[in-house]
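Below, subunit A partners subunit B and then partners subunit C, in two separate complexes.
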Partner chain A sequence: MNKGRVLAVFITAATVALIAIGTLWPGKTALQYSGGKNLLRTSSTPQAAVENLGDEIRLRAWGAAYSSLGNKAEFSQSDFVHDLTGYYLSLRTYATLESFEVRPLHASSDQAEVRLRMHWSSVVGPFTTTRDLQVVKNGDRWNVDWPLVRKTVVPPQVIPENYLRWDVIYRGPGDDWGVQDVEAPHVRIVDMHPVQRAEGVVVLGELLNEDVVPAYVSVRATLQSKSGSPISTEGSFDKISHILLPKQVTPFFVNFPNATLSDVGSIRMEPLSGLVSASAGPVIVIENQQLNPAPGATVTGQLVNQSGQVVNIAHILETLYDKTGQVVWVADQYTDHALLPLTPIPFDIHIPEDLARKVSSERTIVETYSVGGVH
Partner chain B sequence: MVLASLSLASAQDSRMSLPTTVGAGSAFSIHSTGSGKAVLYIVGPGQALRRDVQLGESTYFPVGSLYNAGHYLVILVAGSSTDNGWVDVVPANTPANLSFLAKPSRLPIGLHNGISGTVYIFDVYHNLITKPTPVSFKLSNPSGSAQQRAVTAHEGVATTEMDSSEKEGFAKFEAQVDGISSTRVVEQVPGSPCGLTMIARPSGKGIQLATNPVRDCSGNAVPDGTIITFTESYDGAQSTADVPLKHGVAQVEIPAHPGATITVASGVVLGNEIHWQK
Partner chain C sequence: MERIESVAPSSRPLPISLILMAALAVHLPLMLIRLPLNSYDANFHIFFASHYLHHWFNPWNTKWYAGFSQTTYPPLPQQWVALVSHIMGLDMAYMAVQLAAILLLVVGVYRFSLLWVSPRAASFAALATVFLGSESFLVYSAGQLATTSAAPIYLNALPYLFDWIRRGSWRAFLKASVLFTAAAAAHHATLLFGSFFFAVPVLALVLLDRQGGERTSVPAFVFRTVTIVLLVGAAIAVVLLPFWIALIHYPVTQAPIPHPSRANYILSPIWGLNYFIAPYGAMILALPFIVLRGSMTVRLRPLLLGFWVAFLVGLGGTTPVGQLLLGRAFEVLTMERFTYWATLLALPFVGLLVSELIDRFRMRAVIPLALAAAFTCAFAVAWVTIRQAEGASVKVDSVAAWLNRDRHDQYRYITLGFGDKISRLAVLTDAGSVDGEWNSGRRLPELTSNGAGSLSSSKYFGQAGLDALRAMLRHADKYGLKWVIVRDPYYDPLLKFAGWRPVDMLENNTITIWSKDGVPPAVPLNAPQMPPRWQGILWGTLPFGSSILAILVVLIPGRKQEEGRGDPAFASQEDLEPGRLVS
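The block that comes next holds the complex of A and B.
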C-alpha cells in the first residue's frame, strides 16, 4: 500500500515537472503548432524576413503572412492565399508545406533578392516550388515583396464538347445463369523488360487496350526462380495509366524491392482488365517535349488542355526508350496546378542519371482527373 | 394422365411393389400387400414424401409428386416391421428449358472459331436431360449470312464453335432443341485501323491535323472513342496528342514548326508521315 502511494506521488511530481519544462522551454515543433509567436525571428535581415514568411506559410497563418508583405497593397489576402494553394482545386489545395530553403541571391543596404524553395507534401508525393523574392528594407525591418502570379483568365467563350462516354450495365442477380455478362476488355502486353536497380528488380513495359471499350487496367508480375518456384508477386500501382481508352497504350512499372535479377529464371506477367465507365475527353496536347541530357537529365514540355473543362490533376507518364526501341525507364509526375482550357502548364520530369545516356526517345501520355468547370 | 411403368423390381420384398423408374413429375402408384395401416416414406434428392397407406391397396401419387431426378429410397413402416426399396426418377423426355452460354459477348471480326456456344438441355422440372438429343445452332450475321451446326447433345450438353464474320455488328446466336430455342447476341467489333492516313492544314499559327475516316482492313468503321496518336517531331523536340475518334475521324490543332515531321498511329498501327515545310 505504501509502495503504491510512493509511486503515485512520484508520477504526479514527474508530470508536473515535465509540464513546467515544456511550458518554459517549448520545442520548436510544439511552438509552431500552438501558434506561438516566439518562433518568429525579428525581420532584421532579408533572410530572417523570408524565413518568417516561410514559417507563416507552413502554419497556414495567412493573415500574418499577408500582413508581413511589403507589396500587399497590390493584391488581396485572398489572391495571396490562392497563389499558394491554387485558384482551382488541384494538388496544391490540400498540400502542406513540409519544409523550405532560403538562399540569398543578391543584397544591398536596402534591397535584397532571396530564393525561397518550398517543399510541399501531397497525397501523391512531394513537389517543390521556387519563388525568387525581392526583400526591401523598411526602417529597421525587412519586408518581402511577394511576386504574385495572378489568376489566369480564360476569355469567355463556348467550347463545344461532344466526347463519347461509356457506361456499363452488368447482368443482374435475377438473370438466368446462362445469360451473358458484358465481356471484360481485351488488353495485351506489347513490351516487357526487367531491369536490375540498386533497390531491387523493376519490370517495365507497355500495355495496349486492343478492345473497343475503355478498360481499367493493372499488371501483376511474378518473379520465378530458375527451378520455377515463385519468388515474389507485385502489381503496378503508380506509373501506369489505370484507365485506357480503346487502342491506348500505357507504360507500367512493377517494383520488386530487394530482389536480384540473377536469381530470376522467368517472370510471369498477368495483365488485368475490367470494364469501367469513362469519358473520351479531355484532349491534352503535349507541346515542346524535349529530352535534356545528363547531367540533370530531364524531360520537359508543356501540357495544353484543348477542352473547355478544367483538369484538376494531370498525371504525366513518360516512357523512355533506348535506340532499339526497348523501354528503359518509366518516370511520372503530377501537376500541382489545375489545367485551364488552352493554357499551357510546364512540366519537368527527372530521369535517373545512370539511365539518361541510354535514352534515345520518349513518349508521353497524360491521365486526367476533373471535378468541375471554369468559374 | 400418364401412369409410370409398373415393371416390378424382382429383388424387392413381397409387401411392397415398386416401379424401377418413374419419369420426373409423372404419376405413379405403389402397391403393398398385407392388411392394416402403414406409413410410406419416399426420400430422395431435395424431396421427401410421407403417406398413410392401407396395406393391400395401391397408393397413388399424382402428376408432379416426384420431380427431381435421382435415386429415391422408399420405406414402408407397418408397426414394428419395415420394408424398403429404391426408385429412380428419370428426367422427362421432352426438353422444356435450355441454358445457352455463348462466349464471348464481344469479339473482333474475322476470328476463326472465335465464338463458342454451349447448351444444357433441361426438362420442365429443370432436370438435365441426359439422353442423346439433337441440337441445332445458328449464328445470323447482320449482313444476312448465317452459319449453322447440327450437334448431338451427350449427357445433356452440346457445344459448338463459330467464326465471327467480316462485317461488324450484332450477330444473333440461337440454339434450338425440339422446338425450344434460346438466343444470345454477340457483338462483332471492327479490328485495328488499317491504312491509317491523315491530312494537315495550316490553321492560324498552328497546324490542323485530321485523319481520313478510320476503317479496319475489312472496311468497317473503327468505333468512335478509339485513340489516335499524333506526333510532331522538330529540332530535337516533339509535340504529341492522344485524340479520340469522333464521327469516324480524329482531329487536333498543334503548333506549327517548319521542317517538322508529323506521324499518326493507333495502338501499334502506324499511319502516314507528313513533312511540314510552311
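The block that comes next holds the complex of A and C.
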C-alpha cells in the first residue's frame, strides 16, 4: 500500500475512532448537553435503570422517560409529567433538574428499591425532592415502577372572603413609594444582633410596622470597622416579608459572606418603608406546627390555604427564639407545590444543629405569590 | 434537429468578476432586507460600533456591566461600521461591511486556492464560497462579523506569505505583514489559530514546492519565516497594545460558560444539526473526496492535515480533540469558528472536485452541483428562521423610550427574557445596565463567579445563571440597579419575594417593568480597567490605520511572478502517487 492510501486510511480510521471515543466516553461539557446520557449505559441493573430515568427527566425527554416505566399502564404520560412538574403552576413547573443521586435501598434477583434524590434549580433557589422507587426485572432489563402521586381534587364549595384590603392611589407609574406626597409608614427594628457563622457574619432581627397602614419594608445593614469605616453593605433580599400589615412583625436576615465579626466595630441599620397597597389575603394558616429537637432539628407543620384562590408559591419564614425571647435564627423555605384551597401542604424546615439547643419557641409567617396577583 | 454539444473539457477559469457578481446576486438582497439583524451577534457588533460612533477615542463603555473596556475586543470591523454609519446609519453600515467581507472572501479563497489547485479549480472554489454553508451560517445566524471579516483578510495575506518565503519577494513580505496585522485587528483568534490551520500548511507547501527552479534552501526558509513572524508579531503587539495590556492585567479567569458548540453532536443531534449539518451542507458529500485526493496528492497533504485538525476541533465535544488541543481554551472559545475555518480549508478540494466533475460530466454534473450549492446556502440562511434566537421577536423601541424619559436613565437596568435583543436596547437607550453580552469584558464579581452568560437569559444557565441573577439583585443598591424589565414571567416570583414591585407595562402588557425603592442613582464605577487616554488614542488610530495601510499597500502593483506564480502543475495527476484510482 502506498503512502497516500495509508494516510487516507489512517485519517478515516482515526476520525471514526475519535468520534467513537467522544461518544462512548463523552467529556464533561458534552455530557452536560446530553443530559448525562451516554451510549454505554443500558438499564441492565436497577441503579442504571433509575439513572437513565433521571437523565431523561433532566432532559425533559418525557416520552422516553414514560416509556421506560414498568407501571406505565396505570397512568398516562400527562399524569407522569404533572406529577413531576406540578398539576398546578408552582415552583416545580419551571424548575429544572440540575443533578440527582441514586442510592440502592435493597435488592433481590428480580426486584429492588432505589432512592432517587432530585436536586432542582428554581428561580427562588434550589430545592430537593426524594422518591423511593420500586425497580422490577423484565427479561434482561430493569424497569422503574413510578410511585405516582395523583392530582388533588378540591370539592366544589363556596369560600367566603372577608379579609381587609388597603388601596393606594399613586401619582403615576414609576413613583417611588418613598417620594410620594404622604408620610412613610412608621416602622421600627425591635430586635437586632449579629452572629458569626462559618460562611460569614449574619445580622438577625425583627422589624415592626407601628403604623395603621400597610408598609413595604426592607432592611439594609452596613458593617463598620472599629475605626468607623464601612466594611460592607448588604440587604435582607428575600429573607424578610416585604409587605407588613399594621402592627405586623417580620424577621429579617442579612448575610455578609466572608466577613468576620471580630473586625466589626458597629453596625448601621437602615430600615426602609413606604406606603403600599396590600391585603390580608389569601389567608394561610399553619396547623400541627412542631419544633423537633436535635439531632436533625426541624420545624414541621402544614400550611392550609383558607382562601378560594390557588397560591402558586408560598415562602415560609421561621423566626426561632431562645428562652429570653431573643431571635436566635431565621430559617426559610419555599413550597414546591401550589396551595389549593383548604388542602394542607406539609413543610419541614431545617434548623442548624449548633443552634437547635438554644431554641425554645418559634413564630411562622408566610408570604405568597399567585399568578396574576402581583400587578 | 440535432443538438451539438462540445465534449472538449474547458481549462479556462471562471472570471473573478463573474463570481463577484454571483456573490452580489445572492447576498446583496439578503443584506438589503437586513437579514443579519436576526442573528445572535449582529446587534452586539452594532452596539460596539455605536460606541465608536460617539466616542472614537474613548473605549470605556458605560452602558454594560456598569462600565467595561472595548479594548477587550479587536475593533476593526466595528470601527468600519461606525465610520460608514455616517453615510447610511448603523444598521446599513453593518450590512455594507459584512457584504464587503463576503466579497473579499471570494477573492481570498480564489487567491488561496491558487496555491494548491489550478486556476480553473480555484475559480470554482471561489464560486463555492458564495454558497458556503458555514459563511451563511456565521453571517445570518451567528452574526460573527469579526470572524467573517478577519478570515478573508487572512486568506488574502497567505499567497503573499508564500511568495515571500518561497522567493524572497520584499513586496510580498510587506503586503503579507500589513494584511496579517489588519486581520489581527479584526479578530485576534483568527490570526492565532489561523497560523496553525492555514499558515503552517502554506509553509509546508513552500518546502514541497519545486516549481520555477530549485527548492527554497533551508536557511532561507528559516530566515524568512522567522523574519515575518517577528515583524508581524511586533506589529500586532503595537497595533493591539491596549488589548494586550487589558488581557495581561485582567486575564479571563471567570468560571467557564457552557456553549452548545462544545456538545457531542451525536448524543445531542439538535446541536449536530446546528453546528455540523447547517455549516457543512452538501460539503459533507465531498468529505471522502477531500480525504482521498488530499492523501494521494503529495502537494495537497499539508492542506488536508490543516483541514482535518480544524474539522476535528470544530466537532466540539463529539471527539476529545478540541479538549486535548485547546485545554482550558476549549471552555472559553466557541467551536463553530473552527468549522468555518475547516470549510475554508476544504474549498480548494471542492473546487478541484467541481472542476473534474464538470469537465467529465458537463451538464449532468452542473445541475446537481448547482442544486447542492443552492440547498446548502438556502438551508444555512434559513436556519436563523428555523431555529430562532431567544427574544428574536422582541420589540425594544418602547422599552428604550421608557428608559430615556422622565430621568429613568439615571438608574441602571437589566432585562429578563430579552435574549440577544439586549444589545439592540443598549444601542437605543441612554441608560446603563449591569448586564451585557460581552462576557470576556465583564468584571463584576456577581457575573464572573457563577459560570453563566448574560443575566437576561439566566434561566438557560440553570443554577449558575439563577445564582448570578440573585447575586446581582441582592446588590441592586450598590450598582444603582432600579429597573428590571421582564418579558418572561418565569422570573416574577423571585422579584416579588425579593421586594421588587411592578410599576409599568409595555408592548400590550407583554413586558413588565419592576422597580425597587430606595435604590440610589447610578454612579460611575471607578474601575481600574478603565483605559488611560493614551490607550484610547492608540485604539482609535492604529487598528483602523492598519486597514487603511493594508488597502494602500495591496494597491502597489506586484511583479508578474508574484501575481501569477508562473505556470504551476497544481495538484495535477503527475503529483498523484502511483496506485491511485483516477476517477
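The rule we apply is simple: the second predicted complex is superposed on the first by the 320 of 375 C-alpha atoms of A that agree within 3 Å, B and C clash if a C-alpha of one lies under 4 Å from a C-alpha of the other, contacts with A are read in each partner's own complex, and residues count from 1 in each chain.
In the analysis below, a contact is a pair of C-beta atoms (placed from the backbone, for glycine too) under 8 Å apart; a residue touches a chain by one contact, two chains touch by 3 or more.
Bear in mind that the values here come from a model prediction, so they are computed numbers and not experimental data.
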Contacts of A:74 with subunit B and subunit C, given as first, second, both or neither: neither
Touching partner for A:190 - first (subunit B), second (subunit C), both, neither: first
First, second, both or neither for A:132, with subunit B first and subunit C second: neither
Greater residue coverage of subunit A in the superposed arrangement, subunit B or subunit C: C
Which of subunit B and subunit C A:110 touches, first, second, both or neither: neither
Partner chain(s) touched by A:263 [first = subunit B, second = subunit C, both, neither]: neither
Partner chain(s) touched by A:348 [first = subunit B, second = subunit C, both, neither]: neither
Set of subunit A residues, in rising order, touched by both subunit B and subunit C: 176-178
Subunit B contact footprint on subunit A (complex, rising order): 162-164, 166, 176-178, 180-183, 190, 208-214, 245-249, 280-281, 283-291, 301, 306, 363-366
Contact footprint of subunit C on subunit A as seen in their complex: 1-5, 7-8, 11-12, 15, 18-19, 21-23, 26-27, 29-30, 32-34, 37-39, 91, 94, 96, 98, 121-126, 173-178, 216, 218, 220, 233-238, 240, 242, 272, 274, 276, 312-313, 315, 334, 367, 369, 371, 374-375
Contacting residues of subunit C [partner subunit A, same complex]: 258, 260, 262-264, 266-268, 271, 291-292, 294-298, 301, 304, 308, 311-312, 315-321, 323, 330-331, 406, 408, 459, 462-463, 466, 470, 473-474, 476-478, 489-494, 496-499, 501-505, 512-513, 515, 517-518, 576-580
Residues of subunit B touching subunit A in the complex: 98-107, 120, 182, 184-185, 189-190, 192-193, 222-228, 236-244, 246, 252-255, 266-269
